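Dropping the structures in below, format is structure tokens.
In the two assemblies presented below, chain A is common to both, partnered first by chain B and then by chain C.
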Partner chain A sequence: MDLGLLEALQLPFMARALATLAVLSVAAGIVGLGISFREMEFVSDGMVHAVFPGLVVGAALGGTAGLLPGAVVAALAAAVLFTLLDRRGGAGSDAAIAVGLTGLFSLGVVLVSKQRGYVAQLQDLLFGHLLTVTEAQLWQIIVVAILAVIVMLLTGRAQLFRAFDPEGFRAAGFSVLRTDLALSAATAMLVVAGVQALGVLMVVAMLTVPMAVARLLTRRLAWLVPVAIAVPLLCGVLGLWWSFVWSVEHDLAVSPGALVVLLLVAAYLLAVVLRVVLRRRGSAVPA
Partner chain B sequence: MNYFFLASVEIALLGLLSGIAGTLIVLRRRSFFAVALSHATFPGGVVFAVLGYNLLLGQALFAVLLVLVMTALSRVPGQGRQVASGVVLALGFALGTLLTSINPGLGVPVEALLVGSPLSVRTSDIVVTAAVLTASLLLALGFGRRMLFHTFDPVGFAAAGFSAWPVELAATGVIAAAVVVAMPAVGAILGVAILIAPAAAARLLAPRIEWIPPLAAVLGVASGLAGLWASRQFDLAAGGAIGLATTLVFMAALLWRRVARIPAKEVLAHGRTQTKHLAARGGSRETG
Partner chain C sequence: MTESRKTTDSTVVELRGAAFGYAGRSRVARLDLDIEAGSAVALIGPNGSGKSTLLQGILGLAELTEGTMKVLGTTPAAARKQIGSLPQADSRNAELPVSLRQVVAMGMYRALGPLRPLGRSGHRTVDAALDRVGLSAFSNRLFGELSGGQQQRGILARALVSDPRLLLLDEPFNGLDRENRDTLLSLVRELRAEGRTVIVSTHDLEIAQQACTHALLLASGHTADEPGHPASFGRVREALTLEAVEHAFHDATVEIDGHTLTAPSHDHTDTRNEPADRSAGTASRRRRKAD
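Here is the complex of A and B:
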């Protein structure tokens, strides 16, 4: 079998995987701005872990159809919990987030271990299944991602104000808690959208890495979101394509999700090198 | 020797280790670093399992590599303090997933790597954990005061003529070693639970800062053994039961603090204003 890039992407399961990644890239680029400016990488990692017990309970109650409702409930509850923990600040909040994260994940592990054949289920939840995303799941992902983007668009100006000038924001009479909760809710929605495709632990890469790349490549605010959308999109196409080619030609069942994340990390490292080289050259010119 | 006895010894040692490594993680705010490191050493274990070597060795070597990468990345200008940990976490996890997906038939114990299996702890694991505990205890006895000084007042520390890098190196070394030895028993995801939660609970309860390490050690041993017992009694995944037990201890401490209204004593309050002060200045020494 010898298919080109375009033909391969027209296969139904590849097309759905690509659509999933495209939706996630757009949503992650927009929500990622808030996460990056507010240094919420650890909080979003916490939410990623917290979704796990929700998935387990959802699957136990309603099978595959229960996954999404379970994840939504758990993610929103975790969004409130971690926002409140993060607000306390100081040495305590950092550790409290770690405890919340491991505690909720432990709950998921304990619940899943009470079920029969839990190892297979655990692996599915942890690593995701990008190539077997169904039509119905794709629609769910689209709806949840749109919700996340809507929250960010509605509160975007407030988010930027709060990120750059928290004192002024408070003095101007805005509610810090409400803005923070909105951002956490948007992050939670994005986690829910990505978790079935990429698995519990690789979603965090989608949330944090694209914006980190964008911030290394450009200093213009207006360019951050487009770059943060384009980079994971490119990595998504390449990752899907390569995993397809390898599985067809070399009979290697490479996890496409893992390949996409690895390409994202590679893009980040490339951006680091570019940044360092450009800085060297930039500082060498005036001297 | 009875395997349950071996598991109990290992968990008790890890609980004791929480007194030193956990206290360092909590007071120096290295939680994300510890979490990222524990998740990201997963591929090291997979590679060594595939090759047929000792898991612990693979994870230790990979952890050293990751610490170097994180240290290098955290020096890149123009990005948040947590980015290095986030990137390393993503890298490690994706690499592990890729390797397991390529080698499905090689019998890599994925679930054991991720959520731990205290009952498959071997004598060699216990020996290594005991060695790490002894080394960090000696380090804490010898340089504990200096490390505390640097934790709360790095500016004063530098002004007093000390150099910061030995303290950074020692703290990072203790944390990384503790994370690695916690992994065979409690897993790559929950390994940090038994280290961080008891120390975080101890920080809430301790009337003075010297009390945090012993209190954390006691809470760590008690909650770890309680979790292990519950996992046997109710047939639960042991890593999860231990993680849940340590979380409950933290929540109990939080509740106790609310009810008893323990006033924040001078030392702790001082530490907190210092860390706030640091955070306001950008806290450049933080990597995670």
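Here is the complex of A and C:
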């Protein structure tokens, strides 16, 4: 089998995988702005871990169809819990989130280990199954991602103002709690959208790395979201293609999700180097 | 601070036996005063005397733990659209890649709602505010790349885009160089001349003398549990007596305008006689020598 990039991406399972990554890239680019501006990377990691028991319970009760409802319930509960913990602030809140995420993750592992054939299930939940996303799952991902984007669009101005100047934001009559809950809910929905395809362990990369790359590459607000969308799209196409080629030509079964995440991390490192070089050049230019 | 004052239509802030604080605990108390339209009130006092809490109280963001309050004839929440605020500089995240123009536009977010675009008139309003604070040339600069003084002026521009009747400025002069300080002072005078009311918290007595009509001196409590309270309130010349400053700062030795004033108890030396054009006059606590 000797397919080119375009032909390979037209194969139904590849097309669905690419569509999944494209939807996640757009949604993560938009929600990621809020996560990055509010420095909520750790909280979103906590949310991802908290979703895990929801997935397990959902799968136990309803099989594959139960995954999404289970994840939604767990993610929204985690969003409210972590927002309230973050609001409480202080040194204890990070510790409480850490306790929460490890506790809920362990709960998920205990629950899943009671199932038969749990190793395969666990692997799917942890690492995702990008190439076996079904059409129904793709539609679920699209709907949940659109909801996350709508929440961000409706609160985008508030999110920006709140991240920039919380005191001024409150003084202008905005509600900090409502805005924070909206961001947490959007993050939770994106986690739910991404977790089936990328798995619990890798979805957080999609939430945080693209915007981190964008912030290294540009300091213009208007460019952040387009760059944060373009980077995972490019990494997605490359990751899927390489995974396909290695599998077909070299008989190497490489997880495409993990490859995409690795490429995202490589893009981040490249952006760091680029930033350092540009900064040095900039500082070498006489004022 | 008379007990029975008649509130007029021009009363912008009316406090009657008011106390403000958080979680049910008062941080500043015994506030009984009227602030009239077009006045500029300097809020002066040491750290912990409750200056910021009072400003937050007027905004409705600190609890009214005792007494009553009216702002622009109504509740703070209802009046908020007509209030412009310049919070302390450390509340901002200057690392975010937002331009000065975008920051100023934030002042219109409340009126615009989530989706309505800024539009031509909005852009004109932002331009006018930037022009007013002398930062038109910096409009597209990143906020974090501006100097501290320019940032303060930018935030003042953000407060001005909503055309507020009342402006609350929390320590706007902290860390400013002479040029930015003078610009901000003349802006305060201009705003007052337009009939807006300005309440500005500061450690700097000179600012009160140069730009304000009134001064409210707040004294901190003698213990951590005791809330701050007024030491004097009135026109600047009447309120800023050395006795009141002594009461507010619990110290007989205060530096004003680069002059160290040491007064025995009950000395009524008036600070208005002091020259005001020296280096920044910061009221600073000095330790008394032990006898």
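General observations
Here is the rule we go by: the second predicted complex is superposed on the first by the 286 of 287 C-alpha atoms of A that agree within 3 Å, B and C clash if a C-alpha of one lies under 4 Å from a C-alpha of the other, contacts with A are read in each partner's own complex, and residues count from 1 in each chain.
Just so it is clear, a contact is a pair of C-beta atoms (placed from the backbone, for glycine too) under 8 Å apart; a residue touches a chain by one contact, two chains touch by 3 or more.
Just so it is clear, the model here is predicted, and its values are computed rather than measured.
Following the overlay on chain A, a side-by-side fit with no clash is recorded for the pair chain B and chain C. Of the two partner chains placed by superposition, A:86 touches none, neither chain B nor chain C.
Rounded in steps of 10, the angle chain B-chain A-chain C defined by Cα centres in the superposition reads 80°. When the two structures are aligned on the shared chain, A:224 is found in touch with chain C, with no touch to chain B.
Residue contacts after overlaying the shared chain place A:105 against chain B, while chain C stays out of touching range.
Shared-chain residue A:180: touches no atom of chain B or chain C. When the two structures are aligned on the shared chain, A:161 is found in touch with chain C, with no touch to chain B.
Touched residues of chain A, counted separately for chain B and chain C, are more numerous for B. In the superposed model, A:215 makes contact with both chain B and chain C. The minimum CA-CA separation between chain B and chain C in the overlaid arrangement is 7 Å, rounded to the whole angstrom. Residues 215, 219 of chain A lie in contact with chain B in one complex and with chain C in the other. Here chain A touches chain C in the complex through residues 37, 153-158, 160-161, 163-168, 170-174, 215, 218-221, 224, going by the rule given at the top. Interface residues of chain B facing chain A in the complex, by the touch rule stated above, are 25-27, 29, 31-32, 34-36, 39, 73, 76-83, 85-87, 89-91, 93-95, 97-98, 100-102, 104, 110-111, 114-115, 189-190, 192-193, 196-197, 199-200, 203-204, 235-237, 239-244, 246-247, 250-251, 271-272, 275-276, 279, 288. Contacts from chain A toward chain B in the complex involve residues 36, 39, 41-42, 45, 49, 89-92, 94-103, 105-110, 112-114, 118-119, 122-123, 126-127, 199, 201-202, 204-205, 208-209, 212, 215-216, 219, 252-255, 257-259, 261-262, 264-265, 268, 272, 275-276, 279.
Every residue of chain C that touches chain A in the complex is listed here, in rising order: 59, 61, 77, 80-81, 83, 85-88, 91-93, 96-99, 102-103, 106-107, 109-110, 112, 114-115, 142-143, 155, 158, 168.
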